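Consider the two complexes below, in which chain A is the common component and chain B and chain C are the respective partners.
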Partner chain A sequence: MNLVQYYGLTAEQWLEYVGFLGTAGVALVSGLGVLFARRVLHAAVWLLFCLLGVAGLFALMGAHVLFGVQILVYAGAIAVMIIFAVLLLERATGRGILSGNRHLFAGVVSAGAFVVVMAPTLGVALWAAGWPSQTAPTTGQTNVALIGRLFLTRHLLAFELMSVVLLVAMIGAIVLARAERRSDAEEAPEAQGGGAAHVPTEEARPS
Partner chain B sequence: MSLPPVGLAHYLAVAVLLFAMGLFAVVTRRHAIGVLLGIELMLNAASINLVAFNRFGPLVTVKPGAGVDMADGQIFALMVIALAACEAAVGLAIILRLYQTLATVEPDDADRMRW
Partner chain C sequence: MPANVVIYGPVGTYLAFGLVMAVGALAVAWILRPADPYEEKQLTYECGIDPCGPAWGQFFVRYYIIALIFVVFDVEVVFLLPWAVVYRSLVKAGALGAWALVEALIFVGILLLGLAYAWRKGDLEWV
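So, the complex of A and B:
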């Protein structure tokens, strides 16, 4: 195929570049928002946009199922749950929750050390591999069919175990987050006594 | 002058930066929920890596033209998302409980078990 090329890239590859830069930019800029937003609520909303940017990256890599799951589960459920929790905490404390950054030096050192170690490592490894940009050959199956088939054949055990893990985590979260049992037991007799005393008057009032 | 097409290196670079941001948030954020958000960032960076290696990695290019569908990296990423849901639910429950018992949400103040 003889396609017009600009700077060695076809028009399709240019489109991919634009999409990549856009989604990666959204993800990284919102990541900075997560880091430095004053209110925790704003940081959680920044996280929502960061997750959507990552979903765009998944779509660019042809992982269509992951694109949908990232939006539905990560942005739609996890991020929204975090936002709900922040709002609940704000109600409990009665004011907006602010969060500064402390240990800035330790943060810069640890994150900087990570980048300083990882960038040359990846650079050398990718250089040795010849900067791979070829995509894998496929049999023409759609991504959805492929993932569904793999989940019910080769990865069936992991799939079923994951449902058990989710169940245990939800039960654990409910047990952890609910109010103390002891205070329920202390309030129960008073509530019963109060109820018994009030019931006749409440019934007498309408009649 | 010719640009390289979007490949493994681009996605790995984004993942490295995202992971470094998550690490920074975990270390520096003063509020426990901020730490949780940092963990979410790091998990996302890991998922990007898994999917990128699945698409461009040597595992799938070892037999060119063989036409083998490999999506193990995407399956891994789906597992990461499911575990992230568990982690967020349990983490938020722990934070709510922390507020109920110690009346604080700062990880630095919850140091009763410090030696």
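So, the complex of A and C:
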């Protein structure tokens, strides 16, 4: 192939860099937004954009199934669940919940430890693969079709077991949510007075 | 095979246009509109009547179980997606097609037990 190059990179490679910087930037900035948002509800909305940014990274790496999982399950369902839970808590207290960074030292230490472990690992991997590295060569099939075929043939048992795992998760969640609701109903008079007092809150805005 | 950034080009273009339309509409309105705020204008719009209560909405706990069930079926859809992609080619190939349908029906059937449980326990009732 004889491709035109601009400053040493083909148009596709430039697009890849732009796409990577864009999606990684969205993920990083909204991740910081999750950390530094004062209201928990705002943090949950930042989390939604962070998950979408990670979905973009999956797309750029050709992980089409993970891209779908990230959009459908994480951005679609998990983020909505978290926002739901926050709104349910705000219902219990009647005020907005605020977050704080009370464990700054422990957080910095553990983040530092993560960097100490990950940086040499990534460095060695990059050194071995070269930069910019190529992804694994693909066969003619898309990997979505490949995974579907494997689900129905070699990994059939795992595929059907997933359904059982999901069934257990669903029934467990229902049982737990019902138990919570029952204890909610019993302790409702106390909870309004003292139970929620230790949650840092802000007075609701006047309507 | 083209690079992934090219495969997802339409998605990116769609996102970019969506952003430009949304931000553009707000920006144009911000430039063109006269700035004349007064108290009635600052009120939250609530179907034309004066709003009552704070905007930080209160959700009924019952929605929570429905949301939990939604998450489970959402994960189910993700597992059925690769199946749906290969299904047609399996049917064309021959005997594996009917088998693939049975496998997916078993998968969905097991999960339907959970839905039946929720229904039986009255968690789907609308109060």
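The rule is short, and it goes like this: the second predicted complex is superposed on the first by the 170 of 207 C-alpha atoms of A that agree within 3 Å, B and C clash if a C-alpha of one lies under 4 Å from a C-alpha of the other, contacts with A are read in each partner's own complex, and residues count from 1 in each chain.
The rule is simple: a residue touches a chain if its C-beta (ideal position, glycine included) is under 8 Å from a C-beta of that chain, and two chains touch if they have at least 3 such contacts.
None of the values given here were measured: they were computed from a predicted structure.
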| item | value |
| --- | --- |
| First, second, both or neither for A:76, with chain B first and chain C second | second |
| Touched partner set for A:160, first chain B, second chain C, both or neither | second |
| Which of chain B and chain C A:50 touches, first, second, both or neither | first |
| Contacts of A:40 with chain B and chain C, given as first, second, both or neither | first |
| Chain B versus chain C as contact partner of A:114, first or second or both or neither | first |
| More chain A residues in contact [chain B versus chain C] | B |
| First, second, both or neither for A:100, with chain B first and chain C second | first |
| Touching both chain B and chain C, residues of chain A | 13, 16, 60-62, 65, 69, 73, 77-78, 81, 85, 88, 135, 138, 147, 151, 162, 166, 169-170, 173-174, 177 |
| Chain A-facing residues of chain C, complex | 1-8, 11-12, 44, 51-59, 61, 63-65, 67-72, 74-79, 81-87, 89-90, 96, 99-100, 103, 106-108, 110-111, 113-115, 117-118, 121, 123 |
| Contacting residues of chain A [partner chain C, same complex] | 12-13, 15-16, 19, 41, 59-62, 65, 68-69, 72-73, 76-78, 80-81, 84-85, 87-88, 90-91, 96, 135, 138, 142, 144-145, 147-149, 151-153, 156, 159-160, 162-164, 166-167, 169-171, 173-174, 177-178, 181, 184, 204-207 |
| List of chain A residues in touch with chain B within their complex | 7-9, 13, 16-17, 20, 24, 27-28, 31-32, 34-35, 40, 43-44, 47, 50-51, 54, 57-58, 60-63, 65-66, 69-70, 73-74, 77-79, 81-82, 85-86, 88-89, 92-93, 97-104, 106-108, 110-112, 114-115, 118-119, 122, 126, 129, 131-139, 141, 143, 146-147, 150-151, 155, 158, 162, 165-166, 169-170, 172-174, 176-177, 179-180 |
| Touch list for chain B against partner chain A, complex | 1-14, 16-25, 27-31, 33-34, 36-38, 40-41, 44, 47-48, 51-52, 54-58, 60-61, 64-72, 74-75, 77-79, 81-90, 92-97, 99-100, 105, 108 |
